[in-house]
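Alright, structures below, take your time with them.
Below, chain A partners chain B and then partners chain C, in two separate complexes.
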Partner chain A sequence: MSTLAHDSKYQLVTRRLGLWLFILSESMIFIALLFTRFLMQGVYRPEELNQTLGLGITTILLISSFTANRAEVRIAQGDRTGFLRNLAITIILGLVFLVVVVAVEWPEALHFAPPSTGYGTLFFAITGMHAFHVLTGLIILIIIFFQGKRGQYSPEDHWGAESGVVYWHFVDVVWIFVYPILYLFGP
Partner chain B sequence: MSWIKGILFGVVGYLAGYWLSISLGVERGTEAPFAIGYVFFFAGWLLGAGVWDHWARSWFGLENKTPPTKESHGWKRYFMFSTDHKVIGVQYLVTFALIFFLAGAFAMAFRYELMRPGRDWLSPKEFNTVMSTHGILMIAVAVSAIIGAFGNFVMPIQIGAEDMAFPRINALSYWTTPPVVFLILGANLLQGADYGFDFGWTAYPPLSTVAGLGKLFFLLAFMTLGLSSILGALNILITVIRLRAPGMTWGRLPIFTWGVFTTSFLSLIFTQFVFTGLFMVVLDRVAGTAFFAPDQGGGALLYENIFWIYSHPAVYVMIIPGFAIMLEILPTFARKPLYGYKWAIGGFFGIVAMSATVWAHHMFTSGMPDWMTVPFMAATEFISIPTGIIFLSALGTIWMGKLRLKTPMLFALAVVFNFLIGGLTGIFNADVATDLQLHDTYWVVGHFHYTIVGGEIFALFAGIYYWFPKITGRMFNEKLGKLHFWWMFLGFQAVFLPMFWLGYNGMNRRIADYIPELAGTNMWVSASAFLLGASFLVFIYNVVNSWVRGPQAANNPWGARTLEWQIESPPIEHNFHQIPTVTGHPYDYGVEGSVHAVLAPQAEAAD
Partner chain C sequence: MTTENNTNLLKRGAYVFLSLAVLTILEFFIATGRVAASIPLMALIMIGKAALVVQYYMHLGKTLQMDAAEAHE
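And then the complex of A and B:
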């Protein structure tokens, strides 16, 4: 039986819509956490925050969003090598971001804002929740990378790659809100 | 089978997570390794239950296994990772019926304790854990049963679709629910200081941040339930938006479908708030954060706000599908068009739009600023306007109708009656002055049981009787159905009506004892509760017996017009021989020349 629901173009729109609703739902977690930040601590921010590092990782994540976009464009054009190269850069940038947050940022913050304080609670919970999304995004991108290597995607059919990239953009957009609210607000 | 493989994978996952967290330096003996272990258990459970076989294999370049079908696995597919929306609907229905009876048994246990004042057989902590277990399991039933069972089985057929938009996510949202029950029962089996959770289903800190592994189990269970709810809502929204048959315009959508559709907006958006709130409690417990520690910069009231931003809309996640079943059934048995169809849909949307503006009516006694109380009181009272419109739609449909009082219709009429009492008594909770007196008393217990049990659970049973012939292809015993109805209806009134009086006289909820003056009424309530509990034995006997050896049901025994009644009972795989064309309104009973849908000739021949 052939119906509209089985038409691949129609199905693609359906899947896109599903992903967007998922992202809408997932954003609520961050909305709740970021509101909590203002409820608990107003715009208070410790002086010791490492601003250079904050700006640095923000830049890294933004560039990774750009390369992720390039990867998607390349596979849509049928350029598999370009797709894999851009995807690999994205994954490396993402890994750098994650490692810097977990291995540099967090140990530093432990000194001036441990989780047992108001700001530390927010800092670790929000960056931690974001880092968890970065981690899931990286796992998805790595799976996509190896699928792409096996030749799974084509210009006509690359929903898997597209969904991973859109999710990665979402993770970046969340950081664009997290960064100023944790690092820049306040006197 | 998915259950065995899921548990196996889950245990392996748990051990791996526990070991991993210990070797990463997490302190042994704290709750953190358990929390991390559970996350891995959960992942392992899902992989074992079917995500690996039918989904994840392709991520690693392997061939996915084909999901079980009727031909390949027969009845065993009900215990497997089936992607068929009808199988998933039945899985939900049976699973949540079992949870409902289990939660009911817990209610019997603490009603036995409350039969007499003083202590009988439960310690205060046991009493509160048993009461909380009843609460959270019933919440799970109320949030998931109608949407999971009929939202899955009936809704896609009503809109003329072959299945849900994302069948694998659909299976995933079902298989997410068993760990909820494992955790809740697990918390009841723990010993010593780890035993139980004694904070109701609301888990307010600081009580919920006090040590005890059982409390952690509760928090993780609630978060897991939220995940299932979100995935289900996503699927329903996309299915209704994208998979309607040709001609199924928004103005022709059956009212039950409208109900689960509008409800899904609430689940999709607000469930994340309770998820985040519970997550914060977990962090306070296992990571030493200070969200709810006022001396360290946090605030305990914060939780109440986050919790009720979800949990007030959640009562509409419960009751809107109940209203929708009521409005679906009334026209069929009154043989009249649904009165004010568009207004009722407007009522659904009105509730959805307003539901997030009223949460603080749960906090009048929590120490909120005085100027905030009146706006929340007013908003709460305004939300009874869309609710009232839905109510008028029901009354208008019954008005001057030729009512056929079959079992499903009796339950649907009971929804109207019960919810009227539930709604009117709610006004006293919404009103600040009276709520200060009634808060946390049995008045509140009576109120929400009249709305959720009297409204939604009666609607759930209305739906079970209504769609039973469609789901099973067999007819239930009408006499036993009516016996169950009257037994349950009268038992329900006998249990919950006196609670308003108890609450008015100051009987506190969530406390194992009460003043001796209330002994007589409590004895009556407990005795009636056991009677109410026994009424379900009739139901179980009737349903099981009819499912196995009941008479063959006609395809359309109620003479209904919606699409699910125009196909075989039980429906074939993918429901339709050919996708139908919708040509008219679903509820034009008695309207000459109106045709809801045109089906392919094979289906009509099989009729």
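And then the complex of A and C:
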């Protein structure tokens, strides 16, 4: 292997490892929050929780992970149009998720689980921290979208797009844990 | 990465999504009492879903393999 190719591969390996270390450190915040849920409230779950809404927003986030994966594969294939189209769908789905959580879910939860109650504190802390990560993920994806539109990223070098997509999947993985722990676990 | 590989990756992405969808619906039915309720079962499904995303969408396996290959060079 030539020195240049070796350096480039080494750079990619270290970048990927760096991203995983970052994701691991971010996970610690959510692990602590989710354990607090069991320490403070056990498996108590308010009856008023809107299960349909919970399932709906979970579905939106899962579909967004699917389109994000397609975007990544498309740019690796050199299909810029497919990459931009799938990334745009991911961004729209992410925005819908965020708007539904903030504008529908939270006002509803305020009635039966205000932040002054144990469950309310946990509910708003966990969903709030997750929503903040969705927001940062969206900002990253929007930047990647415009960079892609300007011709950045190629099948040989698309680390920027790959890292943004991996971060978006991380946001999805967090919700995979948040959804059952907050909405489904209960007597 | 060849076009054939990418087609396989797209197919795999779709299968992973379908698995996630089925597991999520199962989780929902367990929680809403339409299937015998069990927190350990839901926990198992939750971990399985996360593992699917981490392995096939976030490419953790590929990252670790690349790192190991690099160490041998």
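Just so it is clear, the second predicted complex is superposed on the first by the 181 of 187 C-alpha atoms of A that agree within 3 Å, B and C clash if a C-alpha of one lies under 4 Å from a C-alpha of the other, contacts with A are read in each partner's own complex, and residues count from 1 in each chain.
Rule of thumb we're sticking to: a residue touches a chain if its C-beta (ideal position, glycine included) is under 8 Å from a C-beta of that chain, and two chains touch if they have at least 3 such contacts.
Remember, predicted model here, so these are calculated numbers, not experimental data.
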Chain B versus chain C as contact partner of A:Gln147, first or second or both or neither: first
Touching partner for A:Gln41 - first (chain B), second (chain C), both, neither: first
Which superposed partner A:Val173 touches (first chain B, second chain C, both, neither): second
Which of chain B and chain C A:Ala76 touches, first, second, both or neither: second
Touching partner for A:Ser65 - first (chain B), second (chain C), both, neither: second
Touched partner set for A:Ile89, first chain B, second chain C, both or neither: neither
First, second, both or neither for A:Leu53, with chain B first and chain C second: neither
First (chain B), second (chain C), both or neither touched by A:Gly118: first
Residues on chain A lying within both footprints (that of chain B and that of chain C): 1, 10, 13, 17
Parts of chain A lying in touch with chain B, wherever the complex brings them together: 1, 3, 5, 10, 13-15, 17-18, 21-22, 24-26, 28-29, 32-33, 36, 39-41, 115-121, 124-125, 129, 143, 146-147, 150
Chain C-touching residues of chain A, taken from the complex the two chains share: 1, 6, 9-10, 12-13, 16-17, 20, 43, 51, 55, 58-59, 62-63, 65-66, 68-70, 73-74, 76-77, 155, 166, 169-170, 172-173, 176-177, 179-181, 183-186
Chain B residues within the chain A interface of the complex: 59-61, 161-162, 165-166, 169, 230, 233-235, 237-238, 241-243, 268-273, 275-277, 279-280, 283, 287-291, 296-299, 302, 305-306, 574, 578-579
Footprint of chain A on chain C - complex, ascending: 1, 3, 6, 9-10, 13-14, 16-17, 20-21, 24, 27-28, 30-32, 39, 42-43, 45-46, 49-50, 53-54, 56-60, 63, 66-67, 70, 73
